[in-house]
Amino acid sequence: RALWGGRFATETNDLVTKLSESVSYDQRLYKHDILQSKAHVRMLAKQGLVSKDDADKCVAGLDQLCAQIENGSFGQFDVKLEDIHMNIESRLTRQIGEPGAKLHTARSRNDQVATDLRLYLRDEIQLLIALARSLQSALVILAERNAEVVMPGFTHLQHAQPVVLGHYFLAYCEMFDRDAGRLSDTLNRLDFCPLGSGAMATTTLPIDRFFTSEQLGFRHGPCRNSMDAVSDRDFALELLATISISMMHVSRISEDLIFWMSQEAGWIELGDAFCTGSSLMPQKKNPDVCELARGKTGRVYGNLLAALTMMKGLPLCYNRDMQEDKERLFDSIDTYKALLQVFREMLLTLKPHRDRMLTAASDPFLMATDLAEWLVRNGVPFREAHHRIGALVGECTRTGRRLNELTLAEMQRIVPEATAACLELFDPVRSVQARNVFGGPAPEQVRNQVQFWKKQVWFVDL
Amino acid sequence: RALWGGRFATETNDLVTKLSESVSYDQRLYKHDILQSKAHVRMLAKQGLVSKDDADKCVAGLDQLCAQIENGSFGQFDVKLEDIHMNIESRLTRQIGEPGAKLHTARSRNDQVATDLRLYLRDEIQLLIALARSLQSALVILAERNAEVVMPGFTHLQHAQPVVLGHYFLAYCEMFDRDAGRLSDTLNRLDFCPLGSGAMATTTLPIDRFFTSEQLGFRHGPCRNSMDAVSDRDFALELLATISISMMHVSRISEDLIFWMSQEAGWIELGDAFCTGSSLMPQKKNPDVCELARGKTGRVYGNLLAALTMMKGLPLCYNRDMQEDKERLFDSIDTYKALLQVFREMLLTLKPHRDRMLTAASDPFLMATDLAEWLVRNGVPFREAHHRIGALVGECTRTGRRLNELTLAEMQRIVPEATAACLELFDPVRSVQARNVFGGPAPEQVRNQVQFWKKQVWFVDL
Amino acid sequence: RALWGGRFATETNDLVTKLSESVSYDQRLYKHDILQSKAHVRMLAKQGLVSKDDADKCVAGLDQLCAQIENGSFGQFDVKLEDIHMNIESRLTRQIGEPGAKLHTARSRNDQVATDLRLYLRDEIQLLIALARSLQSALVILAERNAEVVMPGFTHLQHAQPVVLGHYFLAYCEMFDRDAGRLSDTLNRLDFCPLGSGAMATTTLPIDRFFTSEQLGFRHGPCRNSMDAVSDRDFALELLATISISMMHVSRISEDLIFWMSQEAGWIELGDAFCTGSSLMPQKKNPDVCELARGKTGRVYGNLLAALTMMKGLPLCYNRDMQEDKERLFDSIDTYKALLQVFREMLLTLKPHRDRMLTAASDPFLMATDLAEWLVRNGVPFREAHHRIGALVGECTRTGRRLNELTLAEMQRIVPEATAACLELFDPVRSVQARNVFGGPAPEQVRNQVQFWKKQVWFVDL
Amino acid sequence: RALWGGRFATETNDLVTKLSESVSYDQRLYKHDILQSKAHVRMLAKQGLVSKDDADKCVAGLDQLCAQIENGSFGQFDVKLEDIHMNIESRLTRQIGEPGAKLHTARSRNDQVATDLRLYLRDEIQLLIALARSLQSALVILAERNAEVVMPGFTHLQHAQPVVLGHYFLAYCEMFDRDAGRLSDTLNRLDFCPLGSGAMATTTLPIDRFFTSEQLGFRHGPCRNSMDAVSDRDFALELLATISISMMHVSRISEDLIFWMSQEAGWIELGDAFCTGSSLMPQKKNPDVCELARGKTGRVYGNLLAALTMMKGLPLCYNRDMQEDKERLFDSIDTYKALLQVFREMLLTLKPHRDRMLTAASDPFLMATDLAEWLVRNGVPFREAHHRIGALVGECTRTGRRLNELTLAEMQRIVPEATAACLELFDPVRSVQARNVFGGPAPEQVRNQVQFWKKQVWFVDL
């Protein structure tokens, strides 16, 4: 018979037990649930709602349960007890007797689970920030290593202008910086304590919500509205959204790496330990980690949408629908955590094929804009310069030649202002060095940014 | 060392092994994988690619593995072997030696997994259809039982016109009929055999794809294009969409039941075995199954979106991203299956409070349209009739009276055509009987539809 | 004052008018709304609910309105009248007087809009099927043109085995075949007539739902349940899902084309008319159509999710939330229609660079599997053969050589069975011809499939 | 011929023009585009890249264009010119000649549109924050008005414990406070200037990015990485996620209001100006605004998913897919803005039916927890107390009585500790006053929170 079963005439149907239990996945909250219960029972004692002695027994019993769970002697969780909260309370009472039956005084599972989740997420988000920073540090290392490796920059997957490989890595570094910022904001916003909100209307007993909040280290104190406190899952949604945006970044790096590793580009090599082969084709070495990361982006988006959809249109306050928050949230956290770790390791094995990159960047079409800008410097309005160089390009395309294969005379037919100096513009190294603007791809700029990041990013080793 | 590891210099990184293994969830395909391998090796023997004897050894070994998996003696699957395919091939070779090493001839995991999935889904979809039909049968039973239970029908969650409770159940029955239709269409469309497509370009060996297809009972024969065969996950997406739409239906029933069970309506009771209580509030009896169903609708939508997003923009042919199809698909199937079953059981415990329903339907405002239609029958254009009855309603609202509390004289001030006959219209039972149009809520229509469904729906007992 | 305003004391707030009007987008239903009204009023006359004369006046008036809308003389729709239904009814009454006020007899906007939408979608889906077939016909033409153009086939965006370009186009052709099938199924399933369901409880007036259903050409007759009839938007969800899956296919073609058009591959050219340039870089020619298609896939997914989420957990029957179905649906239809058209045109401008493709396919690593299969034919178990060729590949990678640069002696050190015949396997043309299995990439197979499709696909010119 | 058309041999296909134009929706950026161009050309002059005189002409011309657009004399935008940027540049050149052709010097549409969007969003987000605060102020007013209106609080849509209506409004107020916080964080994070990043590699011309950034008032200066600057749409995704979460809150209020307005609850009235009627049923008064809000939540979720999906897996840097960001973003902003405004107005018309609410809260089952807590105060462990009261409730349910209809003797059979004092607990007003815990529903707490919010929320009148 369920702990709440006083008024019920029959036992819960087995299909329902299976459908509604959560202990198979919310057991990961055990530590935070116990932490909370200890703070709660200490508060009950302070307020005279349980005796000091009972509280001490509860605390000791809870500590023992925690140890048992961690050393494996706790045994199986019981799905008939539904969730981690009831499993712990029930076992506590079995182990210490009556004092355990007092633990749930002035508390509902509604405020309990909301508090557990926030405690859990505080820890997890801090870890995610550290992992994101750690991935940034790998990117900064790669940026420094590749600050002079010239390659084509792309728009529309078409060659645009030459850049250096290090500049790419710094672009990703910016992305994870925003992600870490979002994680911090999420962490800050959730740092309120729901405990004491009860089922949704607090209690007629004289509890002290400020005491428990402080014991549990919540920065902003207790939640200001008991109905909101148990109805609110914004923190889950915000974290799911933040992870989704960051996974989008992971998917973009992945796409670039997959392309660079194609035989068509052939620009990089990833370590054998981070690739896998084919059961049929002996020659294959596939960038599976990148592909999985890209695929798992969909999974993480799906989790966000699942949670948003679940919360939509729910009346206040707690509804059982909200139990669905946890599996989606845990799945996104686990997925994201694994990818941050593996990308850091994988990226550090990346080896560029500099020659192939430089060759690709040497197509003079990539310097067409340099030529237009040279004309601007020589007084031609940009729109006019653009149009004329476009015509030159068209001429080359039709006649199957490269821009630097035109003679000066040929060039001058379309661009009368052209001089011999123009012909020197078609060097990608020179081109990239000339883009020495703040935030630009010139090696000097890249090195400046590397210095900036070295001061920002914690070079954590996790 | 991985089975594909010939060309690799180092072992796979542990993080990658953990990230990329699928055997923890694709093990549920074991039976279909073995079925397929048996057909495949028989074909190899028929074509002279392996000896009859080797094929027999493979078949016997595979049957033995199947038994071992089912009786628990197989032991742990090995995540280093990545997936169910490699686990089975590897164990087979360990058990029967060299013939096992011939099993993967002219086959890739790409066509193998595509075939496994289709075989698996054929079985699952047939089961889902049976479960949907079975839920329909419960709804038809309820419709029959409640063909005369008058209650308010709603639009905008406002009382609209009286209906009977049985009519509601038949509305849901229609929904699951469309769902079963969609499941059938999905089943039919996936009934092609990818086996023999290899990694994406078939093979130089003389295989017989028609033989394996027939052995495996695929209705439409082998897939017509090897690249499509291994790239295609339409069947997964279509099934995920079909389940999503059907779960939307489940969520709508749930919403209605939750509302009907609120103290404000108080119209129905669900069996104690299908409700749960509160850890804090002793009086609570909550419709958790309905709430979970509603919440899990988000989950199932999320799975659909995850899979759609994962497939978007993938180049041909197989990419590792596609490994993400399975967990989402299995989760939706399991969720949907559980809910179809539990709803059938739960609905059969539903008890209506007829008096409360009838009282609610007796507000004469619900018969305002009957009055307008009476005027139409007496020659007033409908738009004019509507406007005048609207004014009557406004008058009642302002003066706090019900429509049937107006005297005939008062009514005639706004509706001169009104006669004593009008005052008889305010009976909900009469009103619902008067809506005796095909598809309408009159008990006679409901009974007709019940007869129709009794011929359509398999009264399966699962 | 609104047509429904009889009971209301104040006018609708302006913000609400703006928020809730739908005529700005549902005006596209005008033709089907008028068609329906004509059938409805004829039925009213047949049943004696309006006079024959009034019905004739309504029909003539509706025909006139249709003409006015189409020739532009109708003028502005009035947002105060909310939707297309009220705009037409109101104008009709203004133009023909009292008979117009009878049009809405025994009808609600709930069954009206459900009927309009189904009528509209019947037309649109037929057009979409024709467009999908038309795109298929372009793919078949391209397949025939390129049945011998050898190129690398990919898995994981890594070279796998040689195929022909025509085989790629047939893979896409399969995808759109399934899409057309799904469109047909959707069309068939929606072909029921909701008209006569009223607000949700039909009517007390003696209407004939079979008559209107037949007049409007609904294949399966009237909807069987009036509550379901006005609550059901499955047809919209199913179509949105079908379009989403098909747009996923469009996005995959796009991804392939973008890659093929990159300077790294350089395998194809798309017509200038289907590419655009850069405002800054004069040399750029970007595959914008492909990129837009890929981006719009997200849009179409979003529309599906919007509609699924909107419908989730709605109580029966009609709720105003459901008004949100139309914009999302129309947007997906318009987007999909435009892309089917433009892809057909664009694909016909595609020019392959055969030499570059063949060169890429000539890397002997792509024939590694042929070598393994040669060993199988010479008695080596496949798994063993795979492992040994893998070792050969590893040797090549370490020493920077290609497979065909090994001497026979070197090869025999790892693969003792190797003979001079092995060295002849490294020809991609021979390799692709050798994959002459049903559904395979050999030119003969591709031509067979082209013949198959020529019989299936309507070569429509739209 | 397009402005970028120098190298193109043929004109853009008409289908492509229609598919790829954005001026039909990005025209709303005109003001920010002009603002940016003015800052840009001033910088060009400062750096000697155009003459002071040319810059002045550009600035004056741009101001004139702005005025023309606003007073309607600009005329039609030209879809052949694709977007707002090209429309303005082209018109400027037509009006002022050669200086206009210099405007696009050292700029690409890639950095231009990124800058426009950030400028636009800075304004929009500030407005959204003000609107959210304004809605909060309405909620605070309602909380104050209804601080003593006792009603049932719910969990699982079942009566839980009595609360006051004002407490509900403060719960919503908390939600919008978090939303405003998220909007602020988004605003802060996007406040970097992309201008000068060019197509993705800055420029060889000596521009001053700090000057333009400062001119345009960007708080954090220029973007630090030119590739990221043009590839980044995080700000759009973050805003779409923030709006989605906030719309979820709107949907929850809506759900509560719809339920409260049902005939079953009958607790509130919304102003006629915020409800609409039925075309068929004269008595209907529907909470359409709430329903539309709930439905539009799906739309806003769809926009988020569309944008996330669109960005997933895009290679750096700009891809045309990203053009799809704007329509989805604008749609969410417009939808959210309209709903914040209309909810504020609508809520202020809300009238509670206090008697009906109090009656509903008077069911003694709602005070079952008070009784359990009374037992706790008298020494019974909570879990035991809960179980015994549960048994009392079961007894009542079986015998069809209310808790306060039991005699003390009957009560004592199950709860021996019960005294006459227990019978006084069944007063909902007393119960709600007794829950006088921080954040609780007691009127005193509600009034305290109202005072808190009065200091926080700007009482803006927009």
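The first chain written gets the first letter, and so on, giving A, B, C and D; residue counts start at 1 in each chain.
Criterion: a residue touches a chain if its C-beta (ideal position, glycine included) is under 8 Å from a C-beta of that chain, and two chains touch if they have at least 3 such contacts.
Only a predicted model underlies this, so the values are computations on that prediction, with no experimental measurement involved.
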Ranking B-D and A-D by C-beta pairs in contact puts on top A-D
What is the distance, in whole Å, between the centres of chain B and chain D, each centre taken as the mean of its C-alpha atoms?
-> 33
Separation of chain A from chain D, taking each centre as the mean of its C-alpha atoms, in whole Å = 23
Touching two or more other chains, which residues of chain B qualify?
-> 3-9, 104, 110, 155-157, 160-161, 199, 259, 277-286, 288, 291, 294, 297-298, 301, 304-305, 308-309, 311-313, 319-320, 369, 386-387, 389-390, 393
How would one label the connectivity among the chains shown: line, ring, star, complete, or other?
-> complete
Chain B residues touching chain C - in the complex, by the definition given at the top = 3-9, 49, 89, 93, 98-106, 110, 153-157, 160-163, 167-168, 170-175, 178, 181-182, 185, 189, 196-197, 199-207, 209-210, 222-232, 234, 237-238, 241, 244-245, 248, 251-252, 254-256, 259, 294, 297-298, 301, 304-305, 308-309, 311-320, 369-370, 373-374, 376-377, 381-384, 386-391, 393-394, 397-398, 431-432, 434-435, 437-441, 449, 452
Can you list the residues on chain D that touch chain C in the complex?
-> 2-13, 15-16, 18-20, 82, 85-86, 104, 107-110, 198-199, 271-286, 288-289, 291-292, 294-312, 319-324, 327-328, 338-339, 341-342, 345-346
Please name which positions on chain C make contact with chain A in the complex.
-> 152, 155-161, 258-259, 261-265, 277-288, 291, 305, 308-309, 312-313, 360, 363, 365-366, 368-369, 371-372, 386-387, 389-390, 392-393, 403
